[in-house]
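My questions will all concern the structure given below.
Order of writing sets the chain letters: A, B, C and D. Residues in each chain are counted from 1.
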Amino acid sequence: MNFNFGTDIAGTTFPNPIFTASGCAGSGKELVHFFSLSDLGAIVTKSIMLKPRSGRATPRMAETPSGMLNSIGLQGPGIDLFLENDIPWLRDQGARIIVSIAGETVEDYAVLARKLRTVSGLSAIEVNISCPNVENRGQVFACNPETARDAIAAVRRNIGGELPIIAKLSPDVTDITAIAQSVVEAGADSLALINTLLGMVIDTNTLSPKLSQRTGGLSGPAIRPIAVRAIYQVRAALPTIPIVGMGGVANGRDAFELVLAGANAISVGTATFGNPMAAITIKNELEELCIARGFNSFVEAVSYAHRTESK
Amino acid sequence: MINSKAVQMDAEIISNKRIGTYNHMVFSVDEMANGCRPGNFVAIAVGGPASSMVLRRAFAIYRASMRADGTGLLELVVAPLGNGSKWLASQVAGQKVNLIAPLGTAFGIPTQPVNALLVGGGYGSAPLFALAETLKSRGCRVDMVLGASTAGKIYAPLEGKRSVNSLTITTDDGSAGTTGRVSDVLPALIQEHEIDLIYSCGPMAMLEAITAITQQVGIVHQCSVEEAMACGIGVCMTCVLPVEGDDGVIRMTRTCVDGPVMNGNKVLWSKSRDIPDGVWGK
Amino acid sequence: MNFNFGTDIAGTTFPNPIFTASGCAGSGKELVHFFSLSDLGAIVTKSIMLKPRSGRATPRMAETPSGMLNSIGLQGPGIDLFLENDIPWLRDQGARIIVSIAGETVEDYAVLARKLRTVSGLSAIEVNISCPNVENRGQVFACNPETARDAIAAVRRNIGGELPIIAKLSPDVTDITAIAQSVVEAGADSLALINTLLGMVIDTNTLSPKLSQRTGGLSGPAIRPIAVRAIYQVRAALPTIPIVGMGGVANGRDAFELVLAGANAISVGTATFGNPMAAITIKNELEELCIARGFNSFVEAVSYAHRTESK
Amino acid sequence: MINSKAVQMDAEIISNKRIGTYNHMVFSVDEMANGCRPGNFVAIAVGGPASSMVLRRAFAIYRASMRADGTGLLELVVAPLGNGSKWLASQVAGQKVNLIAPLGTAFGIPTQPVNALLVGGGYGSAPLFALAETLKSRGCRVDMVLGASTAGKIYAPLEGKRSVNSLTITTDDGSAGTTGRVSDVLPALIQEHEIDLIYSCGPMAMLEAITAITQQVGIVHQCSVEEAMACGIGVCMTCVLPVEGDDGVIRMTRTCVDGPVMNGNKVLWSKSRDIPDGVWGK
């Protein structure tokens, strides 16, 4: 078959557009039990912070209709151990690696970028700015065009020339295109849409919030219509920016929907919890669908739902 | 790391019988049954093709066995409580469910014959009967305590009872056995049977109460914990507990891959569900 | 039984806290086939505008995982015919009536309020400000503290003293408590939380957005965690404001969850499409649950999940 | 207004048989069957207790009848296409589904014997057989045209065919009957059988094509439309079409209560799915 499934994110080429979503595949160590990591377009690692993090107290999750809440709190070993242990291992697997970073201050993002600058074998860096900014009353970086810009600018200044920066945005904003515009101006090469939505579940037995942190991030098929809308809006506002789409993709049809809306690649998150093989199944189904609908290459399908407007 | 034997498959339901407040369910699996050890669990997708439930449900393996024809059987004890377990318990023989098994750690089997006490709460007794058989076959003395809120929630099938030297039952409401909790009868049993080792499975509060005793008396406590799990395979980090490692460092540890069977004496049980001081990365 | 199921919204008492949600029960004419409208706390009518409205072209809806999108576009007969036909009929049914109004300009809201001022037999007026403001580049009134305030202030000035004003807010904002604060300052006596979230579905057969208007409002159980979070946040920020909660309530447990988060009454929307008797079933289940959890009155359960914080 | 006979009930599935690409399903209902008229539809909740599908699915009533023992039967023809219809078609005898019926308007029956032509597309033939029987019993001449993309999608059971004077079949791919669309064969049939009245049910594009013919020839056209419905009972306003009323005003009209059977000649079919100019409130 002649179908070209490859995709390009800010100059880096991936053999197929299906990635893992940050925080939904760990560092890939468990998933190799089910498939070869090199079969996916890329592995996006769990957002890593400067120092080791215990994360939040449990309960950290609650199932919701067609979705779930989580408040993991970015548990992880910190950047140094991560670079020592996980990156070499991922390289050995032949995986294309996108490192996701998260900070509590603008300076955190700068330091993380400097640490990554010299690491070889990375395909891109995803900047998770859906984190509370401890210098600004805990307001989430991604919820304000200025703080979002500051975090991305700090990464841009420190990362060096090569590595594409993917800014990951939160949907919990009045106008996501304004945030998108702002981070692109600050030097983001690509956007990841969308992170989870802030939600809450109350346990009607204990009569208290179910999660230890009260609120958590909503993911899964329930949020897919929000993801499609956000991707579509941002694509309309920024016609050429590469977008990594995510949010409730559970099968090839879902992935195709996000692609038509404007995603140049798709991250699979919550679906992996229900099915460890989800990303591989989605990859195969998406390829079949693109072919069935008459596309000669994946790239042709990207943003196709916008065609009527450009006519 | 994930259990190296883990396999994902569609398994046919062979039988589904109501026993007390539980459903005893038997699934046809292939050689996978060979890899299952007492303590391992299975993760099952629930709700069918248009399900609103996106997460698998974990169930302790009650029994796993191979048949002469080379097919394997996997048995579970399901308490139909919420949406997922009710759906599973309502499936009938002939239907198929997607499962991943075996997952998680197994109960450690002592190399020498010892006196073991097995403590189960509610459906927590499920993995203990296969464990009892294994221990028996290694020459151990096996005593068992099962507790529940009420008699109907004690799961103790006849064939299971055969492999234990003694069975003590406690219920909160006194409808069967001793009135009270399993932890009330433990100290006396530990002394009476000169217990070297406690295995337990049940609600977290019970495991915590048992640990208070085993830490005091200074005996080993292998417990199977039950923390809410989103993925069951180690990728999501929802299922953690603060556990002290061999290096003395307390880490938020995944109970789906480094558990469910853990050294109870090393778990920092905390009712408040805080991150205890001293946890790595706090 | 001694359980007191009554609730109070800004001085008006309702015998029970279960209302219909605007746009999900028409004017009640079809639902009387299934139950008596007076059995519910109140009927909230479909948002009515100044003039007759055709609404949007079809398709106007798309099912989504545990939810649906709609873009009805406020089809309706306009306020004059509505007052002539629907209100007298609803009064005859013995229903408690909450009229929902919607405008395209601040002046529209003012005129609608004046028209309602002299109508007898109304329990409250709900102000749907999730409408595009034609005087401000079509930005939704509820997405900006100033325009939200202007719309509510216009109603306040024109409605006279008696009728409680319930301001209905959109969750599609960065900080819903800021909007809440703003409309309360402008004279809202109560808040309705939440309206639908902006979403989109793309048809993977036609390769175009499924709805004629491309985007639509997401409702149903999928959004319940967002509703619970919004109600909880606003309740924490405004401890005494009466809140009419809605968003994905499909059974008594769901309603109870919103009540514990801070809702003084519950509107049932999308659930009625799946089951015409939904509101009645929810009412019965909610009463049973409150009693089973040891509450002596409905009012005791309201905001109960906040108790740990006030300790 | 909502059909005054509408009843909500749990109905047991009596049988479910695959016929061609369709499932013929029979439900046990009570006297409700008495209230059903050809053209009415039923709204069924799909997906079971933990369903991710929040909306009912509408199905035209194929047949409704009362048995000697006082129980009623409701028959449907289901095309398993998407999640909801596939779920329904996979349910087996003995299971129950929640349904509301009868809903919507019925085909109007002429008071005088006339020559009627019944036109069905795909499963759109379902309500036409009961209609044919009724028309026959009133002394009408009944001719029928059924069309589909391919032979397997023609639903025309033997017993149904008995009540029509002639049956013409068209398929897009020529695998059965005339190659082409129903609208291709209509003009000749109208002339040949001196048709007074056309009844139709099928995809919207087919109804539009028929209307082009009936408006030209000037004969009555009662069509059953199929617009996506969220509630089926008139409360949501999703299912509208622009229809000219008796007062000459064009309104966006609910097809679930003022339809599905409507005067085709009064519907402003518009492929572009716009709000046509002149609609009230545009």
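Here is the rule we use: a contact is a pair of C-beta atoms (placed from the backbone, for glycine too) under 8 Å apart; a residue touches a chain by one contact, two chains touch by 3 or more.
Here the structure is a predicted model, which means the values were calculated and not measured.
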* Would you mind naming the chains that touch subunit B and likewise touch subunit C? => A, D
* To do: Treat touching chains as neighbours and tell me the shortest step distance from subunit A to subunit C.
  => 1
* Asked: What is the chain whose Cα centroid lies farthest from the Cα centroid of subunit A?
  -> D
* Decide which interface, A-D or A-B, involves more C-beta pairs in contact, and give its chain pair. => A-B
* To do: Could you give the separation in Å between the centres of subunit C and subunit D, each centre being the mean of its C-alpha atoms?
  => 35
* Asked: Taking each chain's centre as the mean position of its Cα atoms, how many Å separate subunit A from subunit D?
  -> 46
* CA centre of subunit B versus CA centre of subunit D: separation in Å? -> 55
* To do: Give me the residues of subunit A that touch two or more other chains.
  => 65-67, 220-221
* **For subunit B, residues contacting two or more additional chains** => 52-53
* What pattern do the touching chains form: line, ring, star, complete or other? -> complete
* **Touching residues on subunit B, where the partner in the complex is subunit A** => 1-2, 4, 6, 8, 45, 52-56, 98, 100, 227-228, 230-241, 251-252, 257, 273-275, 279-282
* Structure fact -> subunit A partner, complex, touching residues on subunit D are 52
* **For the subunit B and subunit D complex, residues of the former touching the latter** => 46-53, 83-84, 86-87
* Structure fact -> subunit C contacts subunit D in the complex at 23-26, 29-31, 33-34, 46, 51-63, 65-68, 70, 72, 75-78, 212, 220-221, 250, 270-277
* Along subunit C, where are the residues that touch subunit A in the complex? -> 64-67, 69, 143-144, 172-175, 197-202, 204, 207-209, 214-215, 218, 220-226, 228-229, 232, 248, 253, 256-257, 260-261, 289, 293, 304-305, 307-308
